[in-house]
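Look for subunit A in each of the two complexes below; its partner is subunit B in the first and subunit C in the second.
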Partner chain A sequence: MKKIIHFITAFAFFAMLLSCGKNSQNGTKKQGALSSNAAEKVYVAPGEYDEFYAFISGGFSGQLAVYGLPSGRLFKVIPVFSQDAEKAWGYNEETKPMLNTSHGFVPWDDLHHPDISQTNGLLDGRWVFVNGNNTPRIAKIDLTTFETTEIIELPNSAGNHSSSFVTENTEYVVAGTRFSVPIPQKDIPIKDYKGNFKGALSFIAIDPEDGGMDLKFQIMMPGFDYDLAHPGRGASHGWFFFSTYNTEEASTLMEVNASQNDKDFIAAVNWKKAEEYISAGKGKKMPAQYAHNVYNDQTHMATSTIKDEVLMLDASELPGLVYLLPTPKSPHGCDVDPSGQYIVGSGKLSANLTVHSFQKMLAAIEAKNFDGEAYGIPILKFDDVLAGVVDQAGLGPLHTEFDGKGNAYTSFFISSEVVKWKLGTWEVLDRQPCYYSVGHLMIPGGNSREPFGQYVVAMNKITKDRYLPTGPEVTQSAQLYDISGDKMELLLDFPTVGEPHYAAGIRADIVMKNSRKIFKLEENDHPFAIKSESETKVVRDGNVVHVYMSTIRSHFSPDNIEGIKVGDKVYFHVTNLEQDYDVPHGISMIGANTSELLIMPGQTETFLWEPKEVGVWPFYCTDFCSALHQEMQGYVRVSPAGSALPLSWSLGED
Partner chain B sequence: MLSCKNNAATETGDTNADAPSENAGTQDLGQAFLKDDEATPNVLDIAVGSPDHTTLVAAVQAANLENALVNAGPLMVFAPTNAAFDKLPEGTVENLLKPENKDQLAFILKHHVTPGKYDKEFLKKFKTLGQASNENVPVEVKGDDVYVGGAKIIASIPAGNGIVHVVDAVILPSN
Partner chain C sequence: MKLKKSNSIMLLASVSILGLFLFPLWNITLEAPQYPIPLGMDIYINDFADANPHDIKNINLMNHYVGMKYIPESIPEFKIFPAVIIVMSIIGLFLSFKANHKWFLSWFVVMLVLAVAGIYDFYLWEHDYGHNLDPKAIMKFTNPDGSIMGFQPPLFGSKDILNFRAHSYPQLGAYFLAFGMFLSLVAFWIGKKTNPKTNESH
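Now for the complex of A and B:
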């Protein structure tokens, strides 16, 4: 004890001495940028476009943010799993069903891994798929509208982490459960985990025409934790690889008990074999409750359907469906190179990277050279499938991306750096620090056969002194490195929305040509839409009142409404009659217990107002639409509950 | 002083490209050189603040491992005292501190670091620990004492990003 006090006293003494600032650093930073032309490399002149879109997840914000690269400029935050008052996502009547689940309305989730749809192994820029971790869901974002158009819940899953990665023709979006749970759920002691808890891997079939999601089948796996996943590509197309930890099947004090085995597994799943088993009738239908929510761009409304069944394949009973590749130290990242030959496992407590060979895996399977089994699933021998080891590459490897030129880039959390190494020779070529505690990396197209190997984005959990301080909570950040040369060069730091967990990037020209400008009014099939001001009306049905309202610069129609009574439920269905690009209107009503609406041209949205007090109450346009935006306003007269005043509505009548 | 070293910092030039040992900045830039008087001391702060660990701190600085020790962790550092280093054959420390032996030094230092944070009592649950060197070290319990890689824990100081166990011997890797 005396010794401890001695240490602490000594520390206090040192702390007093350690007070000199870092003022000199700013000067040297600027010099660095000038001498290396970093500023020039990220400068996108006013009015000019970035070369890449980057879709960077917001992590615990539940949203997906759209940035330009190399500038790091933020263009849009797309609401996905969290209510967003700015866009009325989850607040207006049209989008509330998008957040429905088997647990009811869940207004938040933890959005982790975006992946862009592919055709023939190349990014086609049609959709971005993202996963919600907490209440397991997969969402589809349509890249013509940059809006979330579909969300499907995953049954038999919990902590939907090894998701949402697409196969090379977007046949499937694949999702693995982090937590194993009783399947089906039941009331049993937690200590009975081993053998009784199972993990489900979900294969969601994607409609090639409209991107529609359908939970085609699940694979029942042993009760491990499934951490990350990537599809095979090229030669390994038809396989999917999942990293696992907690092969110990512990249920408490995981930081100790899930680290007992020297090796866990990468599970190699042959999904073409799964399709054969399904065709042969080997799948078993089991009851399951999960929501499937679809947003329709014609009706501008979402519907939520609760499904009640899923097709299950049991990996323990179906030979050839799954093989286990031993991988050291609780592997986290599980990344497949552009050729599909190498599967990189990152043991998060390791100083090395383990690279498995797809060809060697096939040969070992052919030779039936197994090292035992786990719940009937063959375990391959580590040395038989090993392609190579990147030795002492750094500390705490997490994730690997590829540049398409034979190089790989791995993030190291504990040593806080990005390390470039060579596929095949496994030699370290370069390393650069990250500021600080990097998680994922992203190279645009890095999950495809042909990455655009120009930049790598590092997504950092901690920034400490990198930006002006903003109290205890400071921004997380992304860092952009130029990887076009032999050595990486840090070009730019930029702050992000929420936690920049992972990202997907794509060349801008593939996407921007498909971006919609307006919704056509004549195609608006919303049941409460109006196509012109002559159709505006107010309709009472008991104490429910529907206001069919329109907006056009610079007025609402109607803008005077009388005959509303205390206790009414008033639905404002507001159609934006504008047909010009970038002319949304907004609306908000005093005392409405919801958000504003932000309505795009040709779109209809609805909010509910329940007036509680007699009086005359105003509403106004919340989007600065025109020079007379401030004139865009109106009144609703609210009479006592028993009032006989009839409904009336008007615009421009005194 | 450690925190004043960033006077010479450069950010985008001067990469430590070929340095095979991992670290987040041979340029004295990064979290290790950010100081405040509010946060709980991290494992590096504790080592730096201890007069009994001047050899260890000199070694950490020579290997440019400062930034790895201030990361979010959690990190468990087994910190040999100056006396422990003195028990090594004469000339060993001087030799390791030479720039050309930086990799070897870094490897030995990483052999004293575990990703994790366990107090002395809790360590009794383990048979081995996986070190940042990628090698395992045995954990032995003799009476009330806990030995890690043959080194006895003689004091333990919790840190903001982990824990420092002061040990009476240098833990040498097998290779």
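Now for the complex of A and C:
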């Protein structure tokens, strides 16, 4: 017996050695199933619900993934910026306009930063806003349907990175530009960057009723790189903070040349002041081409409009609009605490965290105590605005979240860890390793006045050996920590879709009650919708044929079509007549040069088929809808181009 | 004019049965694992109604697999039953003002006969609905004895039908009817006690 106890003790000691690693200076850590009930804490029994939704960006996948916390289970991948053959996103005729831009159809983007709409500084769970980094766009996802319903392109931007963060009443979704560019674009030597390249910050007004997006104004800024941003809240509501790097204004070998300045800036933008300037007529309208794409849940179709003008405010010419807060070493994260009092700059090439005080900033502005200016924008003195420094907290700080209990949690990319520290005293309280190279963190409700300070999710850039290997490309990963106690506890690793750059989380009950079950058939205003099988028909207009088709368990109507000719353009407009929860139907036609359709109850979707060969060609239901799903199929007869065979269609006629 | 106690109760009885126009008479609910919110149909005196939106459409969709007919939009009973109830209510009101307790008993007996007839009619419809199946039904089921399986919901109570558990129970409208009938009996009783043959007045 004694032997066994010895063995267990030795084993436990060995396990502790393994798990503590470099963090043993802070004493022993609770970690792993040996010393805790981590499994119990993330276990959501079959049929029960997770406590939180997590919307985790897919990065280069271009999509947004919906997970449950604490289980880490994946519920849905919402197509946003990338075509998705599974859901016909960007393939069917209805959603193609959603991916239109001033550059034409762009079927992919790099989705980075989700943020959830707010009312009075609290998450209201109506919409999620996300940014497309590459061809600058902001998308809105409606949380009643969990579908992308609006995408607006941003002119004068390039690398839409410091985006898409909402103000505390969702007055604006704000976006910055990572790459400065000539504004307007022109043919100039790249080496003429300095002074000729500019950065534009975009303020997109949100309609409080339907969430409609409107690019209200842009602010012309010096040619820095605008990295991340966050809104002020509480006392600092009305301000927006942007981190910058490359204040050197270099244009080549950036890793060196953009890292020379000891301090870059956090730009504090007074958007209330911007509104005053606009009212006073100080904005200048400038030509700009950008797409505004809107999806309508009644017509089940998107429209794309190209806009041609934007209202520009020049920060160099309008006093009081922008101030620059010196912040060490190319700050990445620019995070505002729940009270709105502190602005945390994570100088990613530094070991320290810099915390600015909003009150001190106001006082310094009042005293006009400036340390020079950059392109006419006043630079405040570092010491005047500094609230405190979290000293030697780790290596490569990136992003800070808050638990609403006075604590902050910062990710450190280089030292691969999450560090918990205290606002006000700036002391480090705890640290936990990440596997590996954490980027951003997410506490549900983190970007609001009242975070739900129970969990923090770390999104890692590298996984190496953490999961079963899958060839050279291995899964991306998130990690869940319990932060309800004094010490953080790693509970769970879970794989993610694409690269998880950033996330937003919300208590499930705020969102789930609004989730739609079906689309009402009587509200379907699609121009090719039919409301019953009696309305199904096939109509020819020259070589264009419109099939008004319906689906209901377990047949298509019509399921036999004749009179189609080689060279026709056949549009299948398929309405799902079901009005029952979770009964979608799919359809796909042999040889169609597009994806399937996946049609929700009450919805109409369209695919184009251009038959190239004479014959009889089948189509079928692609979503297992019912016991007779396998019988849900039909035929189209294709005759030669000059055939005189009239159109006919039928269902159930022998 | 002041009504006697028994006549007042009869008045209440006559009005009570009009509750059938406000509340469903009967409800049939179908439970299955795939329907965490069960499918349900409320039967009003003049209508079939969804318990939750689109339930009847979805019941029809389920039932077509075994060859059951669609639940009709309307049936002749939806015209006859309301007329009967209105006539009985008017007669009851008339009696409560003009007649003595013996008439109340008569009213009760007539109402009882009509109610039983109504339930029998409901049973006949249910039987037809559950047994008169399309010969081209997608799925045909037989009982252990080889006969064709019927899918008649229970008249009253709960029953397993294939993957569903069917519940059939009276609803508030039926309770109003029963309460009205009970009151007419009470009216008769009190009238009989307080109105001896001498017909003395208060």
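The rule is simple: the second predicted complex is superposed on the first by the 620 of 654 C-alpha atoms of A that agree within 3 Å, B and C clash if a C-alpha of one lies under 4 Å from a C-alpha of the other, contacts with A are read in each partner's own complex, and residues count from 1 in each chain.
The rule is simple: a residue touches a chain if its C-beta (ideal position, glycine included) is under 8 Å from a C-beta of that chain, and two chains touch if they have at least 3 such contacts.
Computed from a predicted structure; not experimentally measured.
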| said: Let me test your reading of the model: by the given contact rule, A:Lys487 touches which partner, first (subunit B), second (subunit C), both or neither? | reply: first
| query | Does the superposition put A:Ser180 against subunit B (first), subunit C (second), both, or neither? | reply | neither
| message | Let me test your reading of the model: by the given contact rule, A:Ile552 touches which partner, first (subunit B), second (subunit C), both or neither? | response | second
| query | So, A:Asn131: does it touch subunit B (first), subunit C (second), both, or neither? | reply | neither
| task | In the overlay, work out which of subunit B or subunit C sits against more residues of subunit A. | result | B
| note | Both subunit B and subunit C touch subunit A at residues none
| Given the complex with subunit A, which residues does subunit C contribute to the contact? | 37, 53-54, 57-58, 61, 65, 138-139
| remark: subunit A partner, complex, touching residues on subunit B are 1-4, 6-13, 15-17, 19-25, 29-31, 33-35, 37, 41, 45-46, 48-51, 67-68, 71-73, 75, 107, 110, 115-116, 118, 122, 125-126, 130, 132-134, 154-157, 166
| field | Residues on subunit A engaged by subunit B in the complex (per definition of touch) | value | 3-4, 7-8, 10-15, 17-20, 22, 24-25, 28-29, 31-33, 35-36, 38, 255-256, 259, 262, 329, 348-352, 392-396, 412-417, 419, 428-437, 461-462, 464-465, 487-491
| task | Would you tell me which residues of subunit A are touching subunit C in their complex? | result | 518, 552-553, 578-581, 627-628
